[in-house]
Amino acid sequence: MTLRTGQAIAAILLLSPLPAMANEINAGDTAWMLTASALVLIMTLPGLSLFYGGLVRSRNLLSILMQCFTIACAMSLLWFVVGYSLAFSGDGAWIGNLDKAFLSGVTLDSVSGTIPESVFIVFQMTFIMITPALFVGGFAERMNFSAMLMYSVLWSLLVYVPICHWVWGGGWLGQMGLLDFAGGTVVHITAGVSAVVAAVVLGSRNGFPGKPMPPHNLGITVAGAGLLWFGWFGFNGGSQLAADGGAGMAILVTHLSAAAGSLAWMTVEWIRYGKPSVLGIVTGMVAGLGSITPASGFVGPLGGVIIGLSGGVICYFATQFIKGKLKIDDSLDVFPVHGVGGALGTLLAAVFISASWGGAGYAEGVSMASQLSVQAIGVVATVVYTAAVSYLLLKIVGLIVDLRVDGDTEQQGLDLAQHGETGYNL
Amino acid sequence: MKLITAIIRPFKQDDVKDALSQIGVMGMTVSEVKGFGRQKGHTEIYRGAEYAIDFIPKTKIEVAVTDDLVDKVVDAIVESAKGNKVGDGKIFVTNLEEVVRIRTGETGDDAL
Amino acid sequence: MTLRTGQAIAAILLLSPLPAMANEINAGDTAWMLTASALVLIMTLPGLSLFYGGLVRSRNLLSILMQCFTIACAMSLLWFVVGYSLAFSGDGAWIGNLDKAFLSGVTLDSVSGTIPESVFIVFQMTFIMITPALFVGGFAERMNFSAMLMYSVLWSLLVYVPICHWVWGGGWLGQMGLLDFAGGTVVHITAGVSAVVAAVVLGSRNGFPGKPMPPHNLGITVAGAGLLWFGWFGFNGGSQLAADGGAGMAILVTHLSAAAGSLAWMTVEWIRYGKPSVLGIVTGMVAGLGSITPASGFVGPLGGVIIGLSGGVICYFATQFIKGKLKIDDSLDVFPVHGVGGALGTLLAAVFISASWGGAGYAEGVSMASQLSVQAIGVVATVVYTAAVSYLLLKIVGLIVDLRVDGDTEQQGLDLAQHGETGYNL
Amino acid sequence: MTLRTGQAIAAILLLSPLPAMANEINAGDTAWMLTASALVLIMTLPGLSLFYGGLVRSRNLLSILMQCFTIACAMSLLWFVVGYSLAFSGDGAWIGNLDKAFLSGVTLDSVSGTIPESVFIVFQMTFIMITPALFVGGFAERMNFSAMLMYSVLWSLLVYVPICHWVWGGGWLGQMGLLDFAGGTVVHITAGVSAVVAAVVLGSRNGFPGKPMPPHNLGITVAGAGLLWFGWFGFNGGSQLAADGGAGMAILVTHLSAAAGSLAWMTVEWIRYGKPSVLGIVTGMVAGLGSITPASGFVGPLGGVIIGLSGGVICYFATQFIKGKLKIDDSLDVFPVHGVGGALGTLLAAVFISASWGGAGYAEGVSMASQLSVQAIGVVATVVYTAAVSYLLLKIVGLIVDLRVDGDTEQQGLDLAQHGETGYNL
Amino acid sequence: MKLITAIIRPFKQDDVKDALSQIGVMGMTVSEVKGFGRQKGHTEIYRGAEYAIDFIPKTKIEVAVTDDLVDKVVDAIVESAKGNKVGDGKIFVTNLEEVVRIRTGETGDDAL
Amino acid sequence: MKLITAIIRPFKQDDVKDALSQIGVMGMTVSEVKGFGRQKGHTEIYRGAEYAIDFIPKTKIEVAVTDDLVDKVVDAIVESAKGNKVGDGKIFVTNLEEVVRIRTGETGDDAL
């Protein structure tokens, strides 16, 4: 078996003249990719929605669910209109072309690698759905719904789609050899950076940090966490785009990293406060999963465990630093968990891909040092570009509508004020 | 007639109910409240952010009784709700000017 | 790739003499159909159950869950006893035969198309489980449990099974060329019509329409909605009975229709009331999904989006009409969403199958007009037959047991009165 | 098609010299096993967690979630470190060897049967995750978290891993011809027996049996039940290790048994108390599923229905007996449902495998009587070994840390006292 | 001024509110309570274990009124909350020494 | 001794608690209630059906104090709970005939 560099393979298959055989659909690969698409869908709806929803105060539960749901729908249509085409059609270094706008030309017979192109489109669509849904956690409990919607759409078009093209669509980062199997840069860093930028631009929630804002329903948070873990099998395993040993290994290391991240975070809490907490363990799980994501197709089991452990510990301290020290109200800690975890995993991929660590081994002519520098470029480019564009977009949207709800609305809760509903009538 | 209001620990509710039933009290009304007093609250920690929770779950029991029963009822509550630890709670007695049973329209002691 | 007319293919494969090769099991197709069966299962349990459960008042939560759960179990056994055989064994125009009653003759080696017959049986079983579970929303919060159970069993035997045979089992509608890929007529119209008939026969809930009856827990409704969307990938994608481009395209258009329906409904609300609501967006999702269901194997991406948009808007106004104008207490709006959506999609399938709309194209000798008239016949036949038999069955069941609980029970809530339990002891 | 004796096949494939061809990965089988692994994962997180979590009092909700989650993570790492190797590497009668400790030697190219070894490892890992999570129900609401964790790890190493090897890893029970398709002995009996032993060693919850301890949120219990049913498709269907007729039949009989068990338990309740309950029907579902588990690869549809019906009825009365008569506070009835159900199914497998009952038929030279005696040996050995080692381990752990929380903590609830969190802030 | 406290059946809350509004009462405060009295509770059964639930959900309505309105208010509550079945509830009347409107600082009858 | 009952906006709870602590009040009991008054409720819309919700979430604070503290406490509550908008709430003062501390059996001012 030869190493595939994650989803980039798809781009390559689409772009290059291929032997006839490769254009035949494999039912087994297709079966897995249909499933993987469904699995990534469940991560956003209802996985992430519940995970986040349980963490806010009860009067903002519905606003979180609504934001995640609306984003999921709007991004699906955006992907249909131009997103897919700009990301995956054409081989520009910076952006694709509009040949497949409105998915024109995609038929029953279109093939992408060994699967129908329709399946590749849906699979990738679930990625653009979840990425902006992730950053909702950064400005939770205070952002104005219409500003949120406008921002998410523009952001996806101007941040997600280009970076997706850079890394997986044949763009400059992919060409440079960046290893990002399932979205350490494309998904987690972009979401994390955008969340913290929004938190800063919008300002803290009223009462932060003095006033207690405990999660209102940790049960649904844990339910969401379970669905995230479940769905992540599709996220990382599906990024192989085939049902083979690569997908199997991706899932194995993903699973081990989740377990290791969970226990790492829990242990730190246990040592520091004498009490392991359920919020801690599920946050560690997300940290472990976010960290392994870029590396999942490249490393072996031991690499997975080590990445998970470091993700759990480092994201823990990053959380303390951002909220405790910097007093930035990234409400649900999106940056320290996803941003930091995604960057960590992108860098560590360069280490643990080494065959000596049980990984898939470096490509011809690549050393750990050279790979590490490519990874670092990928991380820095993603952070800088995302931060700059996110900031600009928020400022622009802020000229058109209020970014933030007013104080009374925040007091009363967004559910009632913005959506005319209440979460609980028990 | 008097209204006796007791703030007690939630898990003592059944004991108090039983004690009151034994001395012939036929009715009472119970609600969930949160108390603040000498008893310490607790700390909750969420992702490293510590929150001091000062208010402690308590149960409020309201019993309307005829004047002659007041002492017996107060004693019964004290006896059954006591745990000898700070936070056992308090009993308040107020005067009731009138009581009406909605179903029958009866008033006064008959309504109890 | 040739067009398959949905699940009807199964019947054809079972009925006709086939070349030996076609009777070989394909592991990829089987993998997908095993998964698709699980996905449709999760739609009912716990997807739909939670979706509905959150919409009623808290004292009736368990009654909804119980009704959905009991139906799911009873229909599974009914399918085992005679349902499958009557629907899929034998080639009568009106009904199948009893050759496979108790699944006799179904062994490890039985094959249906390219998958084991056992898998086809399970997949179809999940459809008969969800259909009567859908109509529970019509008589929610007032129907007597034993009447509900009796009615559901009889209904499934006398409505679902025959219509399933007509459309997919080799019966007259299938033979006429009706396009119903995954159940616009068989599932959604039958459920919707039966729901509104039951709402009329039983009468409104006490207090309707004056008294507020807001949903008691929208969080679980959204959780259920997410699971429905997830499961619908199996519902529509599985109806291809293979892991191929047809399944992929079915899922792509299904997904787009869900997103379009969601945003359409949300937008109408936003315009009318100034507030987009989470209940609105998830209802639009169901409308979009219900509408695309019959068309999902035939149309292209653009068709999917248009069907979703029209589903969202039309089902919205149908809901206002039934409840607001006609004052029919179809409690959870099953008819306007599923009945209307299913009919709409069945008709629109005849339009958007057109190759000029990016669809799969008409069969030989078929025009849009001729197809439309077949579709119309399918819709009308299903509506009329379902309405008549549902009405009769309710009247008959009403002679044996009370259809409705008494006023005190309704006041107290069905959970305690009928099941001896309470939903929440927080 | 030839009969596979469940997961044991994997061991055989790993141990015996095979024709080259069998070592080729089949994408369809792999697709299904990737999916099946995810399905078993969702059974524990969040399926079982929610199922159990809803049944305890609200102040102990998080402790249940935390225990299930921590077990899931710790067992994953245990499996990585030595568990997999001891269970599946080497052909000792009693235990495997350490050749694959830390999964050393497992690469992208490792194959197990027709699937990548990584997939087999993950699939089996999900089984060791759920087994100790099941027994959490036995000591719910009173066990000290650190004791729980220590006990679970030791137990899995000394009970689960050896028995898994005996039955599926090439050990003595498998060699003797024990039929246990998906874990009647390995999973359900071990979990059930350990739960009741822990309940006895720890003693009852304060107030048991006089004080009412009704479930605090049956809605999430039903949600969990639905996820369990869904996931069980992977548990039993995946134990075929292939996407074929065997997997299909396993899922068909599993599904029928779940439905039959549900209705059986519900009916008994309806007759005895006049009210069918939602807790009853979902408990019957688990009983039906637990009972069919060992038999699922061997019996036909009729066998599945009968096993489900007997599981529902017998587990019901076992529950009354343990709690009502013996006054053992196996809090969430793990033994009567899983232990009794698992044993029942293990025995009945010997009956309904008979071709005359529509089953797969006995192996050469095996009669119903001889098979029954093998099954009985398997059940007795599992019960005795599990009970003895569980008891010893609890006593040993009890020397190191308190097994039970103190009275005040139990009063206040484990969530706050042990984890510093509260479940609901509505 | 008097404080009139009524314990009623939850589903009568809207009727009582309407009745009070009609006689000109401008404000009231409502809470959920659980009552114990002559009305029987119910039994819940979980996996065969029967639990007697003695406490029944009730709604407590508190209305502060000027002295002259007391009888009218009590009558209005009795009329609107009556169902002629055990458990309709009770009305308690206590004396109010002072009432303050927080917003304005007004006291006495003006504050109502 | 008097029982001071204040109906306030929920988010003012901490401010009132702090204000009371500052003037030396050692204990209080808090519960969630729903209020009806001059302050308008809101409308919720579900699938096009509009529901007017008249009752607004409020918090009830009960403080038992010695007679000499009444004015101070009332003032502290008014000060800390005021928002100068309709719906800030009300304070009710009633007479307390007796107070008992359950733990010790102490009565009267000592029990506070």
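Lettered A, B, C, D, E and F in written order, each chain numbered from 1.
Note that a residue touches a chain if its C-beta (ideal position, glycine included) is under 8 Å from a C-beta of that chain, and two chains touch if they have at least 3 such contacts.
Remember, predicted model here, so these are calculated numbers, not experimental data.
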item: Distance in touch steps, counted as few as possible, from chain A out to chain E; value: 2
item: Interface residue overlap between copies chain B and chain E, same or different (over half shared); value: different
item: Result of counting contacting C-beta pairs for A-F and C-F, higher pair; value: C-F
item: Chain D and chain F, separation of their C-alpha mean positions in angstrom; value: 53
item: Computed distance of Cα centres, chain E from chain C, in Å; value: 46
item: Touching two or more other chains - residues of chain F; value: 31, 44-46, 94-95
item: Set of chain A residues in contact with two or more other chains; value: 26-29, 31-32, 35, 214-215, 217, 223, 243, 273, 275, 277, 279, 420-422, 424, 426
item: Pairwise chain contacts under the document criterion; value: A-B, A-C, A-D, A-F, B-D, B-E, B-F, C-D, C-E, C-F, D-E, E-F
item: In the complex, chain D residues that touch chain B; value: 211, 411, 416, 420-422
item: Touch list for chain E against partner chain D, complex; value: 44-49, 51-53
item: Touching residues on chain E, where the partner in the complex is chain C; value: 11, 14, 42-46
item: Residue numbers on chain E that touch chain B, as the complex places them; value: 2, 6-8, 31-38, 54-55, 58, 60, 74, 77-78, 81-95
item: Touch list for chain C against partner chain F, complex; value: 209, 212, 214-215, 269, 272-273, 275, 277, 279-280, 283, 316, 319-320, 323-324, 333
